[in-house]
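Next up: the structures, one after another.
The two complexes that follow have chain A in common; it is paired with chain B in the first and with chain C in the second.
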Partner chain A sequence: MQAATVARAPSRRTRTAPPASRARARAWGFGALGLAALAALWELYKLLGPADGLVIGEVRVLPRTSDLAMPHIWETAGRLFEPVTRAEGARVLWLEVAIAASLTLGIAAAGWIVGVTVGLLLALVMQRWRLAESAALPWIILSQTVPLIAFAPVVKSWGSRIEIGAFEWQDWMSVAVIASYLAFFPVAVGALKGFQSPDRLHLELMRSYSVGWWQTMRYLRIPAAVPYLLPALRLAAANAVVGAVVAEVSTGLQGGIGRLVIQYAGQASGDPAKAWAPILGAIALGLIAAGSVALMGALARNYRRTEDAS
Partner chain B sequence: MMNNRHRRLATFSALGLSAALVLTACATTEEAPEADSGEELTPVTLQLQWLPQGQFAGYFAAQEQGYFEEAGLDVEIIPSGGDIVPQDALANGDVDYAIAWVPKVLGSIEAGANVTNIAQIFQRSGTLQVAWADGDISSVADFEGKKIGSWGFGNEWEIFAAMAEEGLDASTVEIITQDFNMNAFLAGDIDAAQAMTYNEYAQLLEAVDPETGELYTADDFTVISYEDTVGAMLQDAIWADTERLESDADYQETTVAFLKAVIKGWIFAAESPEEAAQITIDAGSGWGPSHELWMVNETNKLIWPAPNGIGYIDEAAFDATVAAALSAVNESGASLITEEPPASAWTNEYIEQALAELEAEGFDITGDSFTPIEVELLEGGN
Partner chain C sequence: MTESVITTDAVTVTAVDKVFEAAAGQVVALSGIDLVVEPGEFVSLIGPSGCGKSTLLRLIADLDTPSSGSVEVFGTSAHQARVDQKYGIAFQQAGLLPWRSVAANIALPLELHGSSSVETRERVAELIALVGLDDFGDRYPDELSGGMQQRVAIARALAKKPELLLMDEPFGALDEMTREYMQTELLRISAETGAAVVFVTHSIPEAVYLSDRVVVMSPRPGRIAAVVPMALGSTASRADDLREDGAFFEMITAVREALHGGAPASSARGVENR
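So, the complex of A and B:
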């Protein structure tokens, strides 16, 4: 039955497409199938792969198959439902990971909002003034080459000096700033490209109506930018999550998923399965972040006609 | 129908967004320091060099047992765990005091950091190099041609100093950067792995030997202790801002009060290791109880007994560390330091004052009667 549906798949985007609920069920089905395939691949490699992995030259191409390097899927899964440690009041591992992941998600969301705002403002300014584009764009691109390892301590150090009235800089804000630093880039570049995307014909029409810059922006450029913006926002979400996780490690913030990755990595010799739990949490985090943006994209459906189905 | 779906999606997105916002809001309140508990407490920040763990039990004990508060201090203990270098944070003025190893800070001082060692908490080096018992490494001299593990980032200098004494330079071995765990050693990628008595060595004893299905034992390993070599260097010390020590009378006073509270914390950790271990777990250490207790116990061994009093800087030991640091050359031919550090690199002025006051109050500052406990490690440190 599945096979028949799959065979019909190429005729996408026609009016006779299956109802939304079935399409969604199918998407979930494929998603689950992908996960199962990944798990099967893991176990298959563990069973059949070379015990010592594969090293070409100095570079390890394939991992070892030992329980230390690759614990069984069911061990990792089972570990999730055991307490973090034997200590009294220790949480179940999955809950600990979920709590840490939600803290990181919150920080990444804050970073994303700041990054998107800054990125949009930069794109607006660059669209408005040619000079600004020539002046700022190279720096925007250059900004992404600064290694986080150099950047993080500086942000933390400056942040710790900020104290305005009752407002005191919190450590998580440093992490959010770093997340926003990674998130603003695709938005700035994507939005600029989008704002510049309308046809000359349409722009001249606007001019013939003697419509001002702001109205042209509102009725022509912003709607035209949507197909460019959505991928940029999704990239920004992924960047914000990566930035938040790495910055947590870098600045030593407690309570987030980045911290758990480091902490449990230290325990991987005696408890190999535990080290994978925060990694799974980080993956889930990325999916949730990208998924939230996809939901937003669905809202802007009317403006996505020119976009290819993705 | 389309409209309906859109509205549902809008609700979902709004929910997601508000959830995110709520979470950030939660983060704000959670991270807020508990500042307004005391009336006239002096705010103090202490930068650790790693995550909260038994290695820092004394500081957390001083916090939890209220010794800091009794001393009129409101101390915030700041963990590291990444790119925050304690002595840099101190030199930048981000924190008031920092915990760091002496050799690493000597390098920073030569690079311009203006900091002073005010208390040498660890009297002994806790660094080991661990090899397999059935292998052919039993001393530093055997390192030649072997794959030697190290964490890098300034943790490697004892290895190079000990090798220099044996006439070996870094080019005669292959230095392999170690991870946060001992997997590379267990898998055979490293012939001799760097390990702290209080942490990584325990990780080995908590790991299952796939051949027997039981935990590894001490008999499976050959342990080289740098404390027994001339490469030994002083480790956890408390560092203060040199300029403020010279010019700021309040800071001098705070320093003595701070040291007194810290010493009381370490005395507590020596007398009640179980409670101290629990305190560090509560402070956010993710280790299991047996590993944490092992860590506190081994850390105590590096501190006690302290014949001159805990924290007192033994000039001979400091000079030996400087000499070892001068002799060490790493794999890229660089030296840790090229000249003797300035006299401002250490002072016993404040620790002497703190020790004298504590002794007068009847505290045991030398730990003559200190006896470590026996800790049984369980699988995974649980």
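So, the complex of A and C:
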């Protein structure tokens, strides 16, 4: 599924786009509308759905509508502004979630940077040597089929054995490594496709200039890869966040949003609205990560032009 | 540099064959080609589709190598000439880099070969004026018409002041009016730069209007069937009124007959008679 998303070539047609500010306002409008629709659906199902959900055979295909399983939207929202626990001096819930989320974001960002670097280097090597492409590409695709849950504890135990001079492996690094493991894939595939995208005409032009591999890379292949790279980087950001959250859970790292999800889920019977707070936090995290990459994309506007006259 | 003879030919093609190994067997694209292009001379290659015009141009540009025979450009091998950037090239598609502005596209060959930025800026300004795109330096290729894009491509090909310009149907995608305008522009530019030009075309009037000599090729295998000198005065002195001149029509007839192997045959595939 990831490969398919990355492989989609950018459209060569130039569309007459509406003014950027209006397009942006429209995008935000649709985003808000989508959120409102989701909230309405939630409440509507809670109101009309069967109290015990829908069970076919042994499988529950629709959830229970009780306050325990599906608290009202406003209860969940209101809960965010109450203290985490009744203990004296406890933080307000949204702040606790935000602090955990920012830790996870930092780890995911580290994983993203490592993953993007590795992905770009792999794509460069595969572009440079045909043999490397046929040797490495199957393994790169295979690598994504290893289940994260199985893989996380192994990384943690390997990491704990690393100690070079003053450097000591930290637990968060294991999480970052796992995040990078999910992030590198779309970048490697997308960048390779982008590096290979220039047509014969442009390649022969570079040849007529008698320049070597690196200059062809720098002046032609890398700029041509930008439209392929932007969606790949965005996907990598979302993957890094998911990877970091899941890895926090499976390596048992304290302080991140993954930990909070598990911890609050354990308290859901007494405080159902609270359990949804870190989930909202994780969603916000993904949006922030993908949004930051989209901002980078806006800076690379000129690289998304096409050759055709409009 | 000091010992080179002043009268070195721009292009010397000697006994060149080019055979492509295709899945369906061998394709003899060129057979026994001999051709000399003098410095400053404008030579057109014309012939039906598939007769090897582009192949011959690509051999001169060292984008491909001959199966046998030799290609020399200004007294050195075609390969050395490419390394030394002795020629500029333009294709049927402009082939501009879409993320670079007009000025940056023209500057590309200069940047690649380490011209200083002051030098580059001056040269680009000159070239933009030469091809008549004065107010378009900051535009991007997708904001230009096809004719303007092609002018940028020609400016780019001229950036390093080459003494040889190789062009493969550069006006093939343009409408007739733009095309005639561009032809006159090209004559002016080649007169101003003094460069030799090897020009591939499908159009007989275009070849006649532009050239000192028209090389007529025939297919299967690709050969030079005839070389027709244009008795129309120096290319630098030609202007649009030549198109209505009797001598012009005589030359068109001469080229057309050469295309049909001397006999006044009715049609030659792939060649426009307009």
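Keep in mind that, in the parts below, the second predicted complex is superposed on the first by the 279 of 310 C-alpha atoms of A that agree within 3 Å, B and C clash if a C-alpha of one lies under 4 Å from a C-alpha of the other, contacts with A are read in each partner's own complex, and residues count from 1 in each chain.
We adopt the following convention: a residue touches a chain if its C-beta (ideal position, glycine included) is under 8 Å from a C-beta of that chain, and two chains touch if they have at least 3 such contacts.
None of these values were measured; they are calculated from a predicted model.
Asker: Contact-wise, after the overlay, does A:134 reach chain B, chain C, both or neither (first, second, both, neither)?
Answerer: Neither: A:134 stays clear of chain B and chain C.
Asker: Would you sort A:107 into first (chain B), second (chain C), both or neither based on which partner it touches?
Answerer: first
Asker: Of the partners chain B and chain C, which touch A:223 in the superposed model: first, second, both, neither?
Answerer: Only chain C is touched by A:223; chain B is not.
Asker: After the superposition on A, what does A:149 contact: first (chain B), second (chain C), both or neither?
Answerer: In the superposition, A:149 contacts chain B only.
Asker: Could you let me know whether more residues of chain A are touched by chain B or by chain C?
Answerer: Ranking chain B and chain C by residues of chain A touched puts B first.
Asker: Looking at the overlay, what does A:215 touch: chain B (first), chain C (second), both, or neither?
Answerer: Only chain C; A:215 stays clear of chain B.
Asker: Inside the complex, what are the residues of chain B that reach chain A?
Answerer: 5-6, 9-10, 12-13, 16-17, 20-24, 26-28, 30-32, 51-52, 78-85, 88-89, 92, 94, 179-183, 186-187, 199, 203-204, 206-208, 210, 278, 281, 284, 286-291, 378-382
Asker: Which residues of chain A touch chain B in the complex?
Answerer: Checking each residue of chain A against chain B gives 20, 64, 66-69, 84-87, 102-103, 105-107, 109-110, 149, 152-153, 156-157, 160-161, 170-172, 176, 248-252, 254-255, 259-260, 262-272, 274-275, 292, 295-296, 298-299, 301.
Asker: Would you mind writing out the residues of chain C in touch with chain A in their complex?
Answerer: 61, 63, 82-83, 85, 87, 89, 91, 93-99, 108-109, 111-113, 140-146, 149
Asker: Residue numbers of chain A touching chain C in their complex, please.
Answerer: 14, 201-202, 204-205, 207-211, 215, 219-220, 223, 226, 302-303, 305-310
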